[in-house]
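What follows is a set of structures for review.
Okay, so subunit A shows up in both of these, paired with subunit B first and subunit C after.
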Partner chain A sequence: MRKFSTATAAALVAAALVLTGCTSHGATNSAKTGGTLTLLTSASTVSLDPASSQNLATTTLGLLDRRLTTWDVQPGKDAKVVPDLATDTGRVSDGGKTWTYTLKSGLKFSDGSPVTSADIKYGIERSFSDQLQGGLSYHKTLLVGGDTYTGPFNGQSLASIETPDAKTIVFHLDKPFGDWPWIVSMPAFSPVKESNGSPAAYKKAPITTGPYKVASINDGTSLTLVRNPYWSKATDDVRTASADKVVFLESQNPSTTVQNLINGTGQYADAFGLQYLGAADLASVTHNASAKSRLATSQAGPIQYLALNTQRGALKDLKVRQALEYAVDKQAYLVATGGPQAGTLASTLITPGIAGRQDYDLYPADASGDVAKAKSLFSQAGVDPTSLKLTLLTQNDDASLAQAQAIQQGLKRIGITVTLRPDDQNSFYTDVAASNPTFDLALMSWQPDFPSANSNISPLFDSSQIGNGNFNVSQYKNPAVDAAIAAAQAEVDPAKAQADWAAIDKQIMADAPVVPLIYAKQSFLRGSGVGNFFIPSFPAYPDYMTVTLGK
Partner chain B sequence: MSAPTDAVDLSARGGTASGRLDLFTQLRRDPWALAGLIVVAVFVLAAIFAPLITAINGQNPYDYNLHALDSSGAPKGWGGGISWRHWFGVEPLTGRDLFSIVVYGGRLSLSVGVLATLVAVAIGVLVGLTAGYFGGWYDRVASRVVDVLLGFPALIFIIALTAVVSANFPRPVLIVLVMGFFSWPSVARVVRGQVLSLKQRTFVVASEAMGAGDGHVLWRQLLPNVGATIIVYATILVPSMIGFEAALSFLGVGVPPPTPSWGRAIGTSVQWFSTDPGYLVFPGGALFLITLGLNAFGDGLRDALDPRTSRRRGILHRIAPRSARTHGRQRKVTA
Partner chain C sequence: MRIARLVTSRLVGVVLVLLVVTAITFVIFYLLPSNPAQLSCGKPCTPENLARAKQFLGLDLPWYGQFWEFLRGIVMGRTFGTGADAIVCNAPCFGYSFQLNTPVTELILTRFPVTASIAVGAAALWFVSGVAGGTIAAVWRRKAPDRAIMTVAIAGVSSPAYLVGMLLILLFGFTLGWLPTGGYEPFGDDPVQWFLHLLLPWTALAFISSAVYARLTRSELVEQLGLDYVRTARAKGLGEGAVVMRHGLRNALIPVVTLFGLDLGTLLGGAVISERVFSMQGLGALLLDSIGRLDLQVIVGITLFSAFLIAIANVVVDIVYGLIDPRVRAA
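Right after this comes the complex of A and B.
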């Protein structure tokens, strides 16, 4: 879930006008026990293949697929990694380079056949295939031989995953990696039957292990899940699976979704929206008492930041980048995002909710910045800010444009001319992750893929993550930081690793490759029939696993 | 050279002093056209003097006023924050003065609308005039091109084009060129039709017989006689161009922010309608008034320049509703 944005609101405003008046109210199930849970998404299709998925363990694919481990999230508590298919979160040996898991007894696929360690190995191998790209890739660089392996479809298998018997699976890593138990909670670590393994067959009719199986797929309209009779609550400590049926309604306009949930009648009573609310929708919910009581807001979590392209023009100069840390108007940015209910001001790279985070501010200033300090840093650098012309890459939806203009007016206060370059969502991610980017500034946001500082830092600041679709958007290269990241990743003792990451956080901010703007609070709206709807401290998304139906 | 009196098709009576006087008298008698003209004049003046007008209460469309917003980013106070400082209230999330945005937005709308119309008319007249006069294979090719462009899904093409063209290319220029390019075929078709009938007239035939070159006939004989048509057509094209630009901005492919634009303001305000209706009303009202004003004025101008309707104007006003007049014209002339 690294790419998160308030959907494509701008492109759809026209449709919103039409749709608000004529949303269908289908037949609803009045019986609350069991019942049908409706999930409203703006995506045109819900992608089901775990090998190409970036899903969090607590969202969509968690309903269908079990992994070796999963997340236990509770309101107000830190997220924990807990066993799912495995009996524990992993037994480490060889100084952190070998991890061994044993499967629970009685695990079955939705077709009744038993789950074996070979099915898990096959599921992981699929994620290396060219046909199944786009998934989380942490394991691909960690497993021995992962850099050259090209997937199981040409008959090859990955030797660094061993399955000595049907219940045991062993992973050999090329370096020690303390967060491995989190890695095996990712979608790619779901078992896949070899007979069901070709991407086309899986897409049409996946055989699953979770509490639900797929009943029907109508791409662009809906996805219907029904109970998997072979799933047993006895082997699953996390999922409660309250509803008998789960329906994803696809291609829903975000504003229309919010209006439907505010009204909350018919099927929208037992429903919630999967996209977080934009500023305008948030304002209309807070002005409606009934709807406001059904709003769940996360604690400050995902970081939104301004990436400074450290390899271009004046931005190569550290003093100039430091001046920008002071020049940006974070207050205007926060208001443009929706005010205090949409986030809090940020100063660190590790986000709140991540264990071991240390709060600090290397560039202390008012919420709206420190213009005088910025100017003095510019004169120290010998750069005239009024001669500086910078291009700011942003997505072209209303929410992003409002945020981009807040940055633009902030930098204008010291005379910098910022030109906006609005991109649609797809070209935006192509352009920011290009190997030779042509922007100076870019507005980015980041939700860690697992609750470890590693996931906050290494994808964004390791020099191996520059270009080729990776997310070191600042083009930040510092060999000392690279070495420190490698050392912290290898640390198996969590307390020691956390201290290392906190030090790296400050080390990077001293180089000012990004301006941290806010830690976003994400708000989700539910219908009146949905219970136990909460947003844990990590991730900033509702926990789909434990929602209930009926008041 | 003034036009001969027997050239009746929307011919250029404005070419003589008495004709021009007549035009203004007629326009003055048409309350719709007069009101339209006044509205347009007000908008044009507001656009030209935008910095002076907004300076009256010390506003501009770029400065943030976060203190005018509540904690959710919505404007504080009645009607979207209307006050003596902010006559139309403020924009949600930024607190920028909405009156300034509307006044400055008029600059973009009017300049893009007028320039795109000029591009369309220039190409359209050139193609229409030459196609009608020369005829033959050139006319057939030009007419087919016109047909193709008239049936072309221009909006989709423009959205795609704005995504492809380099961000360094100035966006207003791109929009003017593209909108002009897709709007000339209708001008060309009308002009060609006029020229086809004009070139049979005795004054053209006489000119040719006296040895006048093609250039002379096109420039001195034909062009002045289609001038009135062109002026009327252009007046009616401008509001549709303004609407086109607003549609592009509404869809997020117009001029990028922070340049104020009515279309973008309308697009953003739709989401805010339940909490802040004023945000939609003012830019939407401005767009509505200017297009209505230009259309009313264009209509009046056409009536005034068309001798066939103007002769019976006084009677028509009393016996026929405005909309029926256009349809009734052909019959009355033949009567």
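Right after this comes the complex of A and C.
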């Protein structure tokens, strides 16, 4: 998953003085192959091991590693799961508990050796090792025996992954899980050769299956990828691999990056930035017509919301929480975030771009709220809002504090006293993920790990996700919702599952554990030589797989 | 013999200082209300995985237990985890970054050349320009050169490093296009590019720090030039150049050298702001990143290394002090 501090997302978004209509999608007819694509990142290192990665399928590791499935993402269309190494997105049996995949023919590693199902099994098994923690781990709680398995380095194998032959792989799950095709698009489902499997060996020289392989690693400075001669476009419907070489320039100062891209000369013509733009940088871009035309902005991104701690004081009362749905001034929050270009007002839990999302608003009101309705609900609850003293947990950067103050002022209109509790980023994520939190309200942001409503809802509202580093920040417990989530997860018919999730969305919002605030927008800048650069409906990041050179 | 005793006693002091610094760093980060194991738990995180991560990272021990394991690792090496899954960190083990899958020693060794390149070049530049400026200002005190140099010095001393860095990038990188706007090129790959990439950070740091050296040199030299032994030297018929350089400056430099040693030692431990502004990944940037991701072992390793450099710089300054000033040796 990608954690977005409300602050960060807000700052960027706030920055987003542009957006709508700036997306520059469209396959470039003049796209060529060859050249060097430069990717500018502020990160000090690009982590290459898929076992410990939280990468989206459409970003960095997708250039190097193929998985059983991957994502087809487009602007204006919901993201779809499509086959990658496998011939299809999975054949289900045993009521959703067994999933079978067959590998395409002619798949090879970058050393020329064939890719087998055993290599995929080994790659998954590595992700269970203590040495390779920190990645997307949905499969670990789903595969039979995954809860006790500790990886392949001590000679143990995970029996719930079967490889009856070199091209077939079968997964046995603890419970039916309809989103398994999305799960096998995650980095841990990339094949890894056993001879290349030790973390130390892989880190220095990974053997890959994607269109590129590693040419050099200059830690902290650059990572250079060159073509993998054994990758075949004939087996890959998603990646276009336009450039001959891809260079990641690491540790880049964000402001310098933006200025270099605005100038767009030399290597920066064929480059784009991997971080979304902050407010100041976005302002610089919008003052430059050429640069502005090279800006790509998401239509919507992570949902930002106010989590209400459903286990504390007056917030245990449904009427009080529903009153807060009306009392919050979303308009002020949006303004504090950067205005209409920074996001759009939110009312649902499922974010735009996720298949099956239904737009609705259980608490219809003006953008600035409905104070009279809020007071009426407080009255029905028998609670005097002027007696309420609530603590709002927020991050301690300026952007987050401005947003928190907007919430504080909004609630003050009905007499609620809100005290801000600013935390640094690390402490914030420890505090919100605690089992017994000591705050009433928290400003949160969330982008799903994979484009399914499941990833929007279960991590935030399933009662099993309370505490222990998880993100049910509202401490929301509703056995009926838990059961509905379990049923929707088990549904293997995508259309039925989507309908289930849309119903759960409304079911949860009826309990008002959170106040959806905005769907944040994110903007990225490219050089003039980069083509087919767009932000799909989901995720709110450029699709690295289809970027071209020679526009 | 006296020098040997001086060095030995100073080195014992260094070890004690390092122990204290390490203990304080452990306590500070142990007391932080955050949980590094959470970052190694994966998404989603189960209570079992969280407990496993804590145990594997050694975070299930109290701070003094972690401290002891750290110290033991320096002398005897260390093993994280058990069986085939274990990570072996050979002595001297200064910790292991689980997030970067790299021993801390290796991280420091790969990042140190970047920081050293910045620090040594900048220090040489600021020392030479600062002392030269201070000397000129002292010799021509209250005249135009003095006023000009001191004005620049005040500007330098009052300028934040990031601002000077950004302005230099704007002027020489973006406007004139003469120099790279950032990044580091290893000396071994291309010495010319190495030099070109470092010119701006050197200049930025030198502009800021040479101001202090110029002011210090000026005030010390002005004082020295007014003392009796200088008057005696002049009375003996020595030329003004020899009086200033051989007598006045030599004595004026004693506090300047002390300051230089400490500054260089500090900068070698990480030029945090310059590295960030100029897109370089030295020890300073690595330290900031590590704090951001709660990579405690890297934080402790770099802190220890930086403290070591400062302590060693102190020892060297003490020794050099003795060489410059015979009265110190006699004492």
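Keep in mind that, in the parts below, the second predicted complex is superposed on the first by the 509 of 551 C-alpha atoms of A that agree within 3 Å, B and C clash if a C-alpha of one lies under 4 Å from a C-alpha of the other, contacts with A are read in each partner's own complex, and residues count from 1 in each chain.
As a convention for this text, a residue touches a chain if its C-beta (ideal position, glycine included) is under 8 Å from a C-beta of that chain, and two chains touch if they have at least 3 such contacts.
Just so it is clear, the structure is predicted and the values come from calculations on it, not from any experiment.
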Which of the two partners, first being subunit B and second being subunit C, lies in contact with A:Leu68: first, second, both, or neither? neither
Touching A:Gln408, do we find subunit B (first), subunit C (second), both, or neither? first
Pick one for A:Ala327: touches subunit B only (first), subunit C only (second), both, or neither. neither
In the superposed arrangement, which partner chain does A:Ser427 touch: subunit B (first), subunit C (second), both, or neither? both
If we overlay the two complexes on their shared chain A, which of subunit B and subunit C does A:Ala314 touch? Say first, second, both or neither. neither
Considering only touches as defined above, state whether A:Ser255 meets subunit B (first), subunit C (second), both or neither. both
Touched partner set for A:Ser137, first subunit B, second subunit C, both or neither: second
Which subunit A residues lie in the overlap of the subunit B contact set and the subunit C contact set? 255, 427
Which of the residues in subunit A come into contact with subunit C in the complex? 1, 44-45, 47, 49, 52, 54, 129-131, 133-138, 140-141, 147, 150-151, 153-155, 199-200, 203, 218-221, 249-253, 255-256, 259-260, 263, 425-427, 429-431, 433, 449, 459, 465, 468-470
Provide the residue numbers of subunit A that touch subunit B in the complex, in ascending order. 9-11, 13-14, 16-17, 255, 278-284, 286-287, 329, 331-332, 335-341, 391, 396-398, 401-402, 404-406, 408-409, 412, 419-422, 424, 427
Sort out for me which residues of subunit B touch subunit A in the complex. 62-64, 66, 69-74, 92-95, 163, 167, 250-253, 256-258, 267-268, 270-272, 274-276
Subunit C residues within the subunit A interface of the complex: 32-35, 37-50, 52-53, 56, 81, 83-85, 87, 98-102, 110-111, 114, 166, 169, 173-174, 181-184, 186, 275-281, 285-286, 289, 292, 294
